[in-house]
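Per-chain numbering from 1; labels A, B, C and D assigned in written order.
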Amino acid sequence: MAWTREEMAKRAAQELVNGYYVNLGIGIPTLVANFIPDSVDVTLQSENGMLGMGPFPYEGEADPDLINAGKQTITELNRTSYFSSADSFSMIRGGHIDLSILGAMQVSEQGDLANWMIPGKMVKGMGGAMDLVAGVKKVVIIMDHNARDGSAKFLKECTLPLTGVKVVDMIISDVGVFMIKDDGAVLTELAPGISLEDVKERTEANFKIEKHLLTL
Amino acid sequence: MAWTREEMAKRAAQELVNGYYVNLGIGIPTLVANFIPDSVDVTLQSENGMLGMGPFPYEGEADPDLINAGKQTITELNRTSYFSSADSFSMIRGGHIDLSILGAMQVSEQGDLANWMIPGKMVKGMGGAMDLVAGVKKVVIIMDHNARDGSAKFLKECTLPLTGVKVVDMIISDVGVFMIKDDGAVLTELAPGISLEDVKERTEANFKIEKHLLTL
Amino acid sequence: MSKIYKSAERALDGILFDGMTIMAGGFGLCGIPENLIAALRDSGKKDITAISNNAGVDDFGLGMLLQTRQIKKMISSYVGENKEFERQYLADELELEFNPQGTLAERIRAGGPGIPGFYTKTGVGTLVAEGKEHKEFDGETYILETGLKADVSLIKAWKADKEGNLIFKKTARNFNPMMASAGKVSIVEVEELVETGELDPDQIHTPGIFIQRIIVSKNLEKRIEQLTTRTKKEGI
Amino acid sequence: MSKIYKSAERALDGILFDGMTIMAGGFGLCGIPENLIAALRDSGKKDITAISNNAGVDDFGLGMLLQTRQIKKMISSYVGENKEFERQYLADELELEFNPQGTLAERIRAGGPGIPGFYTKTGVGTLVAEGKEHKEFDGETYILETGLKADVSLIKAWKADKEGNLIFKKTARNFNPMMASAGKVSIVEVEELVETGELDPDQIHTPGIFIQRIIVSKNLEKRIEQLTTRTKKEGI
């Protein structure tokens, strides 16, 4: 019973700390906003120029001048401020954002990330992803552990063009959680019903296993 | 009868063109504001973060939060905007200011300017002068033609440390007006009562003489 | 010396040429200069290099200039929403330069103060870094990116006064302020033109010095790209 | 997680150390963090590198830290108003690095987005360019200047809300917004602290993300350096 997307998002929400400024990527990372514990007060940044992102508007109340980086209509909060794209990336590249949660096509055991381009296919562009991984203090990846064809996405080396080198701190996939540290990757959690053997089989990257998982 | 300071400022005011954005340096250049013709609408920029500088406040109405680059209390106008020092120098260095009028210790015949430092004396700093001469479209110098000891200030080469290289477009001194072009300096006006011989004697720089002055 | 023009067409008169570089504000379809883009299309000028975070959709925003084949090259960070774009690109009819969004924003911002180049760590070790100068500062590697300027910048603001002082609204601000500073000629279209003096001088986002021409928008569509809502029942 | 501190002294607690680099906002005596500078003086921390456009006057602003010999080095653009400064400098007791004002503003601005270096034409061919890398862009020569960061930035704003969103007033804005972004810890003193939500989100000069600690100023002197006025008779 691997984790569902919602369960991955819920696990990622545990990384949120009171007072954090957080940027959530498009796709599954967006779901994390639904699982922020009431006791944790975080401020969501949207790289198109907004700090303090609120929920979707009520029907009939959408404002075309108020969207998030996924181009979805949203709302503002009491604490909201608006600013230019340059100021937005001052926050992002300058290390002022505490946490970014992003999707991935591939991650390497050194923390390299590939999530923007498949050679030979139409490329839509990297948007703000390269800036986020270059500047944000902690980068958490949420991804399916394997591609649709079953191939590994957590690899010794990425084969796709990179978004950033040694930028990923943590991977939350449907099989469990990996921390990526200077001396390599460590499997720290298993999704319920997933065995160490399952993970080893489905992973190309080298990784250590945290002690308490060995005694399961 | 060389020009007085007020007369130099008045002559400099003739360089103002309708619609210009203008930065006036500290000292004599500040006087230029008093001679702007009614028919000419210019906007004065103050590099500490203001566009649309108004006159001095009435007695009792000075606001400590509203000063110019000379640290004098001033007022705002209808058109005024305030901004940061970085945005201010975006205007200045980015070529958005049409005209700057500055003082000088020395100017060379190539248009080099020295106006911030005398070796061996306490140096107060260049303030915004180096940025102004590097970025503003047209730089006009107002200065006494000679130093107090009678030595020339318009020279073949500056002997003092430079503020900028080939940056001066025009000099208005008490003896007349010089234009500095790519192929050298040209004397274009004489103050009343000043002869060509006077100017030659008091100037070290090489300069041509505009035709109509030769027939005086 | 009025900066105010009666129409987008007149505001573009005399400053357009084939092969020119333009910047157009907006993020997705939010905060785009709709009238000015339409007038640029109607001008028929071609071989344009267009600097804009996105490329509009097929029939709106810069997509309109793609349909008419007026754009030779796009400098953008993300172009996902445009099928005609994809077709022209895959057919080698369109040049495309992808910049990371923050790099693009900073390159445009650098145009204003005349900064020709700056170093950033964004993109180090990726395709973006290829062919660019690398330099170490304090033991970390950065790449050199260049500043961008435009022959004409097309800006969308909420309000302007007659001096060209601008105020933007919510996330429609995005790339507009930097592009206003980086244009040799910057033209703004606004929803509301007010008398000089009506805007609070502490609250002006773009001072009038950066704006050469002003028009009032007509028939703004303000199309929403992805309408996402919740029902009252759902609560927060 | 409140950012609000009861006094300047408490706001500086735990983040000061000998040999630290500080930035202090202000132009002349306009927009300076009076309370925070006084508290820094009272802390007794020494060998400070102070980045500020000016050095205050003898008994006010950063001049107070010069009197107590707490400053080892100043990075400024103009220091004309301070006799003790002059004395220490001429006696070789104080290091001084002059930057052109626009270069200083841009170096501090670069600190916010983590830009370690940028090119400018300001100062080319002058003493300022000595020892700096020169580079040509489009046939023109520029010099490399580096970004600046501070261990602690001392900021003065007009209003803050409890999130640290800031609004500055008139020309008291000056270097304050860039310094707020360039400080590892940025502390602001404000004339008025309002509830979150009272400030218009379109009109916030510095978003709260850049501000870690907030105090309300006490006994602001707001000294005027050069009082210049006209009499009603004079007209304009």
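FYI, a residue touches a chain if its C-beta (ideal position, glycine included) is under 8 Å from a C-beta of that chain, and two chains touch if they have at least 3 such contacts.
Values in this document were obtained by computation on a predicted structure and should not be read as measured data.
Using mean CA coordinates as chain centres, what's the chain A-chain B distance in Å?
Distance between chain centres, rounded to whole Å: 56 Å.
Using CA atom averages as chain centres, what separation in Å is found between chain A and chain C?
28
If you average the CA atoms of chain C and of chain D, how many Å lie between those two points?
32
Would you please write down the residue numbers of chain D that are in contact with two or more other chains?
In chain D, 102, 106, 113-115, 120-121, 168-170, 173, 201-202 touch at least two other chains.
Touching at least two other chains at once: which residues of chain B meet that condition?
Chain B, residues with two or more chain partners: 76, 82-83, 86, 89, 93, 135.
Quick check of your reading of the touch definition: is the inter-chain graph here a line, ring, star, complete or other?
Graph shape, chains as nodes and touching pairs as edges: none of the named types, so other.
Could you run through all the chain pairs that touch each other?
A-C, A-D, B-C, B-D, C-D
What does chain C use to touch chain D in their complex?
102, 106, 110, 113-121, 135, 137-138, 140, 142, 146, 167-170, 173, 200-203
In the complex of these two chains, what residues of chain D are touching chain A?
Going by the criterion above, the answer is residues 1, 111-115, 161, 163, 165, 181, 196-197, 201-202, 204, 207-210.
Which chain B residues qualify as touching chain C in the complex?
Within the complex, chain B contacts chain C at residues 18-19, 21, 41, 43, 45, 51-52, 76, 78-83, 86-87, 89-91, 93-97, 135.
Can you list the chain C residues touching chain A in their complex?
Listed in rising order, the residues of chain C that touch chain A are 27-31, 53, 76-81, 86, 89-90, 98, 100-106, 108-109, 120-128, 158, 168-178, 205, 222-232, 236.
Going by the contact rule at the top, pick out the chain B residues touching chain D in the complex.
Of all residues in chain B, those touching chain D are 46-50, 55-74, 76, 82-86, 88-89, 92-93, 112, 117, 122-131, 134-135, 161-165.
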